[in-house]
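Two complexes come next, and they have one chain in common, chain A, joined by chain B in the first and chain C in the second.
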Partner chain A sequence: MTIDAARGGASGALRRRGRALLASQEQIVLAITLSLIVIFSFALSGFATIDNFLNLLRSISILGILGLGLGMIVISRGIDLSEVAIMAGSWSIALIEMQNGMSVPLAIGVALLVALLIGCFNGFMVAFVEAPPLFVTLASAFVIYGAAFWFAPAWVVYAPKDSSVLTFLGAGRLFGVPMPILVFLFCALAMHLFMSQTSIGRFIYAQGDNPEAARLTGVALRPLMVLEYSIVALLAWVAGWVWVGTTGSMQMAIAQGTMIFDVILVVVLGGISLVGGRGSVFSVVVGCMLIGILLNAFTIMDVNSEVQNIVKGVVLLAAIVLDNFLHPRDEETARQGD
Partner chain B sequence: MSEVLDRDESVADKAAAPLLQIVNGSKVYGGIHAIENVSFDLRPGEVHALVGENGAGKSTLCKAISGAIKLTSGDFLLDGRPVNFSEPRDSLAAGICMVYQETSLVPTMTAAQNIELGNERLLTRFRTLNIQAQQLLQSLNFHVDPATPVTMLGTAKKQMVEIARAVYNKARIIIFDEPTASLTPEEIVHFFHLIRELRSRGVGIIYISHALEESLQIADRITVLRDGKQVITAPTKDLTREALVQHMVGRDVAKALYERKPRGRHERREKVLTVENVTMGMAVKNMSFSVYAGEVVGIAGLIGSGRTEIAKIIFGALKRNLINGGTIRLRGKPIRYRVPKQAIDDGIAYITEDRKRDGFFETMVVDDNVYIGRLATKQGWRFLLSRAGRAKFANYWVERLQISALQRKAKIVELSGGNQQKVVVSKVLVQEPSVVIFDEPTRGVDVGTIPHIHSEIRRLADEGKAVVVISSYLPEVLSVSDRILVARLGRIVAEFEVAEATQDKILYAAIH
Partner chain C sequence: MSLTTFDGFGASVRRFSPRLLLSELMMKQWFEPVIPFFVMIGLWIGFSFAINDYASSINALSMLRLFAEFGFVALAMAFSLITGGIDLSVGAIFAFCNFAALYFVLVAELPVPLVILATLATGAVLGGINGFLIGVLKARPFLTTLVTLIILRATVNLLNTYYAQTFAINSTDSDAWDYIGSGAPLGIPLNAATLLVVLFVGHIFLSRSRYGWHLTAIGASRKAARHAGIRVRTMLFFTYVLSGVLCAAGGLFYAARQASTDSTTGVGWEFQALTAVVLGGVSLAGGKGTVWRAMIGALIVFTLTNGLVRMGIPGYVTSALIGMLLLAAVGIDVKWSKNRGKAIQKTYVNPARVALAAAPSVAAKSASPFAQNDRLLHADAIGLDQVEGPEDVILDRQDRVYGSTRDGNIIRFSGPDLKTREVFAHIGGRPLGMQFDRDENLIVAVAGMGVYGITPAGKSYKITDETNRTWYKLNDDSRLRMADDLDIAPDGKIYFSDCTTRYEMTTNTLDILEARPNGRLVCYDPATKTTRTVINHFYFPNGICVSHDGRSVLIASTSLCKVFRHWIEGPNKGRTEVLIDKLPGNPDNINRASDGTYWLALVGIRTPTFDLSMRNPGFRLRMVKQVPADEWLAPGLNHGCVLKFNEAGEPLESFWDPTGISHSTLTSMREHKGYLYLGGLENNRIGRVRLDGVDETWTGFDAYWGSKRRDRS
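Now for the complex of A and B:
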């Protein structure tokens, strides 16, 4: 019985005070981001230029698009580790089909179809088979990696050079602004409206907040989960389109790389709590900005990639500690209503 | 251990110096007094009950005593000497133990291991451990086998293990927070026996409970708190239930609260819900009953009698046996729901017994909680949210159930238990059900809120809805129901019209 008392205690009081003082993780991260911008503007030559800012934003836009999907799924208390694999797998298959003579729009449709099928499968496994999403999506990431190699036996699949449909989203500009930024902003706006203005968005928050309460309230959780994982796949497809347009190719290797952890990083960093039900699209945008600025400054300062990885790891840890601090998962919160 | 055990049985000396004293204690959170100038003392061998509505400051006072928080001002004396706990560990060392309502035992460990938990030596022989524990348990007159894993023990026995652990830790002051909430009437009797046993050993006991009868029965003195202020501290013999309630709420609602209003034999109208021979595993066996439109059916019974299970089966949250599972009819039409959504679409509602576990959405404000209930129905569904719609439904229910309007902008975890319960009720009733099942509608709800919930239950019946109220608290069942069913071991074993029912009759049917 005494364990409870020991756990409550001093750290509990500190946490309560912390919650009262610190408004939210978004605001903290935003403040850090803005101060970094000011510091780097003075300290680094070549940082505070329009070109550099556009470059910075373009470099994070694919990460951001993926982060929007993962952010939504984390809000619903799920996780999708196969997002990068879906992006790489669906587009590798599409590019191979293009090389084999399929028309570009049709191949893009094939990529969409493949992505959505995987998303539906993930959703089905999580919702109806009731398997833990961490393992379902980890397994599908492996399956996609293997299967895509089967269809597209190459490390790097190149896109046909002459297709403007394919390259516009990645390499094009509209009013001087690179398209990836605009695609990211459009996706962020759409996702924001979806999460905050539709009842399905409300249900996703409700599910993340308290799945059993959502079920008893009459939210149809299973179709909802299939929808959520399909939306993640849809965003992976959009991100893949931008990727192909930017680089002119798709690499299967990224499915096995650390990119998915970068996506998790921007999601958690911005304040989408792993507890579920907390955070918003704004969190993803803010998280992306901070990471983008750090990476951009590192590039300007010519810091090597090992140090970059260390910094990313430390930032992720700090974000999780902060999340834990703001949304503690102990009896102290559970007992608050007394 | 020996120090406590060797104590003479006659220590319970009322004139003895207080074990613990708080003089003019105050605790301020952000400019607001959680407790203000409270003076509290506890003598050895005394049971001192703390009563008050939710938010009256009982928890704050106990947290201060157990060292979880520090008083802003005031003196804290232990054995007449001022102490200053900086963390709970210190209060433990001083012999203060807090027993929470949820047991904090490790389920997979045996009773003996749990008693020793936190004090293990590097190497322990199971045999020695069990013998020690056995001696301790026997000296307390607790009939618990020390070698049994805790998960196999019933709630009452788990509580015995917790108490034994407190004694093992040389507790001189034990704080019980709602100890009887999950006990059956028989177990409560036994629990009181344990308390008297501890008292006779000179342990000082602070007793917090919502059930006033219990405090009156077991306590030597009672302190009433209201809005953080000490209203009265008096020997129990000078107090009555009515007086307590009056002190707690500061107005005279005591008598009206559980008054049995004479109700004419109501006319049976349409039979809405029929349950025939419904069976689910060992929890529900051949349960049968019917509910008519415009009546309130109370279901009484002990914990484990299958009351909650049958409600959840009707609602689709649990599934009855596929074969020989019995039949449930809604207006004559057989139903079997896979998920609660189908039940809600058919107009059946279930209001949970545990609002923290599965009642409300803690990250959302009152209005969103109510509105989401509406959105989840067939008639309330819309793709885009509507501010006007949200305000309309929330305003209606906030007014109808008198939810404290000041707290509309607050997240729901910051509300009092009573207001939380009202929000949960609103979230369900906004779905416009024709059958409403309340499961423990006033558990953990302050006295001032109970009449609001009871009058809402009656109002629903008057509106022609079929209402089922599941409750462990017999005065509640007797005061709101038209008809009372008694469940025992998964069956309905008795049925009374409210006019002919008494607490004794119900209890007899529930136990025998």
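Now for the complex of A and C:
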């Protein structure tokens, strides 16, 4: 007994020291990002220009907005694989309604409503039916895909050209800075304040750390979960708005594609551990930076998208294994099925 | 035979209860896949009406050929789910192996057996990567396999574009290769036939082999499996290898059949396979599932997608439909695994109506033979506070007293005044009725264990613990649940009561409250060493006594408050009749008396309220559900009563302890050399009262095996 305790204490101390040595995952990622910027600035022509940096930031802002939502849900020990599908589904329905003559603000409201409904449904399935979030959101992604196609039977739904309300967030500029970047920064700030300054935000951390303890402390877990999944849907809606403004259309194909894995990559890479309760908005931002730079470099180097997928996959795998190494699961308390 | 016997009982015909059927069905493991099975049949019938020529053997065979590859992939998914993990890369491994097989045939131009081996090896390696990450590095299965899915899929797409032209130009004329693609031994497509064989092997592996059990154990509780010494990491590694090999088998057949590869091969199959196996009843939580369940689910999903495509329904509808199916299946799976036990518990007790015969009066100083008196009030106490609930007492030829106690012991008192206490034998369980056989072995009915014997030296041995199973009962009733009392016929056969097949020693009160014929009379024949049920469906059979002439067995029914006679010899052999119709209480053990009559213990005394509640099953159901167990209505237990009745079933006299201080809940009594020894379920002593005017040399052993036998006279 005493021997075991001593050993546990020793390994715990070792782990703490290891963690101190390794700094935090965010700092590592930040360091890698900065060094990559330096390397690419020298290696790739056309990388180190203001235009390219703004372009780079703009290209990752949608990913970043989605990452903020997913990051929060991962901190709460959940996951939402349907986030991209919510974005695509709600906005393709809204755009088809616009084509059918609905006023733009109303259609934007419809998109919000659809997104929130789906978010509430996901939350309900996870909180009240107690189904594992991975399966619930995986399945609902397929349902959303099929149902959205039912309403808007086209792979690409185009937005009306003349609506400045619709395109401002995606295509507009404020003080010369593209709006998507500002939207991302605004969302990041709001999310940061929410997670660090409000009691609900702290409850989300508490839930991610130890749901059972949070429940016993008096946190109303089930309504909280519904709220979390609704916030994810809300951010998906915002990201969709930016997407529609940037591209002038909504592509259903992304609901079935690998975009959601980019979002997971951003989140996990930045140091939001899948065990929950760890990481912050800053993690999403640095994760985003790294992925943005990689994607930008891929684009400049004209790398095949399949090769990009392979590279991103390997990086994600490495991140998961690293996460596992930094936050090992305790065999005695690990739960089944995650 | 049991039913005809039962008609003889007249009023007591076993009633059908839908609730009871439901609760018994829910306990069955096979009941869960029954629903998906009927869904599958329903789908098939539905599409037969919607699609022309659907219900033909040609269509069935061609669909089997299309299905088999998906079947392999679903099986791979099932294995990973059973270990508590998941393998989302099954579709990608399948596609990769499809490409690999084509490469080996068309580009490397290997001979067919080598192609098969190389493809399966490819699958094993790919599965091994998952296995390494999940088993050895302990990464999370869902995300890990999701990422390997992306990587493999991208790799296959790259390779496809690179080799598309080569594949289009090259072709093979190998007959063996064509046979894999289109062969049909015995008319069954080769891939389906192989799948069937793999299913059989997989079933044996999963349900009968050590490693299959290890897999299931890990899925059920990883922690417990680790504590039990199962090598969790190695087993997980090999599970994903197995999953990879199964996908490779699917890919191989697909390659041989289609001879093409493109970016849509196996896309979304992981999702379909997941839906399929969860729908079939393989639990997401792990540790539960069979290969057949996986196949039922796979057939449902396949029939659905295939049928919808043939009806011209667009793919996105199918996709949404499968998503909804998965949502529903996951929801039901979670809720059902959480609440199954509760549902069974809530429906398990199903009281029935029993109209008891009017209770005879027990008023003191009346002329009734049941009239209360205080003849047991001052019984001598043997082993006061040294025995815990001696349900039965018996004496041997050396006048030593034995009691069967709650702690699983047989306690023996000997010496002058029976002061010396010793544990004669420890059997375990709850020893109840006892009897000496011809060789002075003590035969004991042990609740929870069966029938055991103890040699005069105190060594115990098993006689029997199971009987024949009733073929039409859902509940497996082959195990002896609660052997209660026994007696031995002159030919050595042991007749014993198994008072309930639905409850245990600790819950047998519920059986009396349920008042259904759940018990049985069982006979063990030492000549053939076989155990057979003699009377099935008996209302709580308790005391058993072979009559003095050895031609019949007397059976006390505790819940019906009657004593029955079952003939084992003579012209009436096999028939059962009521011997005592009206008793003032719930009868327990029956034993022989020295004058050719019988002793009968009443464990409880009937009260009008309890009799009324027996006619109101709804009342008893609510009572059991809503009131704590110690508040339940019960017969009067604060009395001790022993009766004497003759061969015709007429009560002669009674012995009472009206206070219940010395002897309440009397369950047994033995006459021995002019004394009556008393045992009770809740007593802290063995009692002894002097009997007047009886044969003072009479002993139980002599009445069975010695000079006092009456069956030869």
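Convention: the second predicted complex is superposed on the first by the 312 of 338 C-alpha atoms of A that agree within 3 Å, B and C clash if a C-alpha of one lies under 4 Å from a C-alpha of the other, contacts with A are read in each partner's own complex, and residues count from 1 in each chain.
Here, contacts are C-beta pairs under 8 Å (C-beta built on N, C-alpha and C of every residue); 3 or more make two chains touch, one makes a residue touch a chain.
Computed from a predicted structure; not experimentally measured.
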Contacts of A:206 with chain B and chain C, given as first, second, both or neither: first
Touching partner for A:215 - first (chain B), second (chain C), both, neither: first
Touching partner for A:147 - first (chain B), second (chain C), both, neither: second
First, second, both or neither for A:124, with chain B first and chain C second: neither
Footprint overlap on chain A, where chain B in one structure and chain C in the other make contact: 331, 334, 336-338
Chain C residues touching chain A - in the complex, by the definition given at the top: 84, 133, 137-140, 142-144, 146-148, 150-151, 153-155, 157-158, 219, 221-223, 226, 271, 274-275, 278, 284-286, 314, 316-324, 326-327, 330-331, 333-335, 338
Chain A to chain C touching residues, read off their complex: 125, 129-132, 134-136, 138-147, 149-150, 153, 258, 261, 264, 274, 304, 306-307, 309-310, 312-314, 316-317, 320-321, 324, 328-329, 331-332, 334, 336-338
Chain B to chain A touching residues, read off their complex: 30, 54, 59, 63, 66-69, 86-89, 91-92, 97-100, 102-104, 117-118, 162, 165-166, 169, 315, 317, 339-341, 344-345, 350, 352, 356-364, 368, 371-373, 375-377, 381-385, 412-417, 420, 427-428, 431, 444
Chain B partner contacts - residues on chain A that touch it in the complex: 1-6, 8-10, 12-13, 20, 197-200, 202-203, 205-206, 209-210, 212-222, 277-278, 331, 333-334, 336-338
